[in-house]
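Here it is: the structure, laid out below.
For reference, chains read A, B, C and D in written order, and residue numbers begin at 1 within each chain.
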Amino acid sequence: MIDLGPHADYIVASYAAAGLVLGLLIGASVLANLAAARRLAALEAREASKPAAAKQ
Amino acid sequence: MSAILAVIRRELTLARRIGAGVELGIVFFLILISVVPFAIGADQKLIGRIAPALLWLAALLATLLGLDRLLQADEEDGIVDHLQLAETPLMLVLAAKALAHWLVTGLPLSLVAPLLGLMLAIEPQAMLPLSISLLIGTPALTLIGLIGASLTVSLKRGGLLLSVLVLPLSIPTLIFGATVVKEAAAGRAYSTPLMLLAGVSLIMLVVAPLAAAGALRFARN
Amino acid sequence: METAPKPSLWLRLANPAAFNALANVLLWPLIVGTIAAFGYGLYGAFMTSPADYQQGETVRIMYIHVPAAWLSLFVYAGMAVSALGTLVFRHPMADVAQKAAAPVGAGFTLICLLTGSFWGKPMWGTWWEWDARLTSVLILFLIYLGIIALWRAIDEPQRGARAVAIMTLVGAVNLPIIKFSVDWWYTLHQPASVFRMGGPTIDRAMLTPLFVMGLAYLLLYLVLLIVRMKTELMVRRIERLQIVAADKQARQGGSR
Amino acid sequence: MNGTSFPHAGEMRLEARNLMIRRGYRLLFEGLDLDLAAGEVLQLTGPNGSGKSTLMRILAGFSQADAGTIRWPGLEEDDEPANALHYHGHREGLREALTPAENLAFAAGLLGGDAGSIPDALDALDVGPLADLPVQVLSAGQRRRVALARLLVAPRPVWLLDEPLAALDTAGQALVGRLLAEHAAAGGMAIVATHQPLGIDVRHLALGGIPS
């Protein structure tokens, strides 16, 4: 790694902090999307099966 | 025993699902701390000196924030009746509700406090004592609030009345809590105020659920 | 509403299906663009740009701090436009965009605060300095948190959208006032700070990585916006389907 | 119905002697005696404001009568009446943000029921498919049925139902009648404050009939 000078740890820390926040943001957004897709699929499957199946 | 678990599980699900859960208490705490320097001015030394008191006051107000809905929401839905019919004594059921409330407000506050201490230029060695004092002191605030919530459950403007009732009773916790941080900031031993703080919390742990159960029965008579 | 010319992009985006189609087309190119921009920007930030004559290497924090400040304002401006879309033009997708953007804006503002604090530590010796710019960014962060809390507290999306739109616009109007008052407040207590964020004259070689990082943040914002808007549309569809399921059961159950 | 057994089945008795209730300055009733044995269902009627709900809440132990005694022979000394009864008031006792399954799981934990019986309880009230929809999207009738399912999730000998037929359609009302009959047959007892006919043989008590 190139020499980051006396305050290297602050530079690394700030990039790590930025990376962490972005990672959390991306992760949360993607996970929320997948969770919603799963719930939606379950509901739509249930809608499709509802009229066909008699009252279970 | 299952009643207590049922209450806690339900409260935590509710906190996660509807918005006014954990983050509102922390955001309120953050905002209170952030506005102080605008009133006092950016004088680091002055802010640093009064930081312990500010952090504790903010924790007290943040705890009060969520308290009036502790029982009022259940009363509106008619759930308090069932709390009284529970197999476990009402006292323990209410203690479970207080614990759930603390997990959602007091605990996160004490974890976030050091971060805000940075903003108020608190002495580094006072960071951990700040967290410990909040961890030990906030249960007392919630438990006192439980009594207030039980008394004001069926009153219309219960929230405000609750704060008026709770604030005087929480003065001991405030004194000992702030002293712990002040002593730590000055580098002196802080075990005595810490013990007193823990003492108040333990007393409240016994007294509050008992008083709250009685208050709830009479308030809804 | 038959408009003679081809309806403008905004009108076509009005219905979710059209939005989803367009979003799917744009999503992957944007993702690739984001990764490329980040790669090139970071390379420039560390490899090709020089150290600062005054602060030395710590100036490299600028490449993630300054773009974050730009984005925190840019996202808020986007939310204000969406708020206008909700209130004035009643554009149905506007509140979806606004709700999706708020956490992203808060994220960028938080990055700006954290990196500012890390950058300031070697200079000021404290983690937090009530510097006029940092304080304004802090207030913007609090406004973001307020808007997100408001979104979460509202369970009825359609009805709540207008309320949040008003809050966003009120926030937007207040930002310049806050900026001015904080600067004024700051000069009262602090002599003109010797430390200039980013230095008075930025070396030409620093500019390119700075703008590339700005572009990378922008593209990331667009990616996250699209993903979160698609999520919000699904959540609303879930709520509608739940109501349909309940009504269907009521008709079937009741008849027996 | 899945003949759920409950403690004290068949032994519970209610003995209320010369109850007197005054609300503010109005005397609602006095000298009221009320006996109920296991297997009996009492229908409580009376004009609005005659104290039906107040009497129900007193029997449930939420408030005290101004005079008179309430005894539950058949209960051991240490057993609280509150653990042996269900109270079903105007408010359903459901939290809108939770689903019926979550609400009933809470009720089961609180009132000592078995969470496994939730699907059957919801099916018994014809609201099985609603188990995991938020209560928020349910109609008043559906919410009433979910609340009534609580009686089955945590089996208890005494049912105190205040206007349980409110918001229910004819099918729902017939269903409640059947539930009451099965509960009485299983050795339980119930007091129901309602004006609608329950379709089963009940004893009657009309409040407000007593000269104030």
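Here, a contact is a pair of C-beta atoms (placed from the backbone, for glycine too) under 8 Å apart; a residue touches a chain by one contact, two chains touch by 3 or more.
For clarity, every value in this text was computed on a predicted model and none was experimentally measured.
A.B. asks: Kindly list the shared contact partners of chain A and chain D, in label order.
C.D. replies: Touches both chain A and chain D: C.
A.B. asks: Count the C-beta pairs in contact for every pair of chains, then give the pair with the highest total.
C.D. replies: Max contact pairs: A-C.
A.B. asks: Round to the nearest whole Å and give the separation of the Cα centres of chain C and chain D.
C.D. replies: Inter-chain centre distance comes to 53 Å.
A.B. asks: Between chain A and chain B, what distance separates the C-alpha centroids? Give it in angstrom.
C.D. replies: 32
A.B. asks: What whole-number Å value describes the gap between the mean CA coordinates of chain A and chain C?
C.D. replies: 17
A.B. asks: List, in ascending order, every residue of chain B touching at least 2 other chains.
C.D. replies: Within chain B, the residues that touch at least two other chains are 18.
A.B. asks: Residue numbers in chain D touching 2 or more other chains?
C.D. replies: Answer for chain D, listing residues that touch two or more other chains: 97, 129.
A.B. asks: Can you list every residue of chain A that touches 2 or more other chains, as numbers and ranges?
C.D. replies: 50
A.B. asks: Can you tell me which positions in chain A touch chain C when the two form their complex?
C.D. replies: Counting only chain A, the residues touching chain C are 2-8, 10-11, 13-15, 17-18, 21-22, 24-26, 28-30, 32-33, 36-37, 39-40, 43-44, 46-47, 50, 55.
A.B. asks: Flag every residue of chain C that touches chain D in the complex, lowest number first.
C.D. replies: Chain C reaches chain D through residues 155, 239, 242-243, 245-247, 249-250, 253-256.
A.B. asks: What residues on chain B touch chain D, complex-wise?
C.D. replies: It is residues 2-3, 5-7, 9-10, 13-14, 17-18, 73-74, 76-79, 81-87, 93, 220-221 of chain B that touch chain D.
A.B. asks: If you look only at chain C, which of its residues touch chain B in the complex?
C.D. replies: 117, 126-128, 130, 135, 138-139, 142, 145-146, 148-149, 151-155, 182, 185-186, 188-190
A.B. asks: Can you name the residues of chain D that touch chain C in the complex?
C.D. replies: 97, 126-127, 129-130, 133-134, 136-139, 141-142, 169, 171-172
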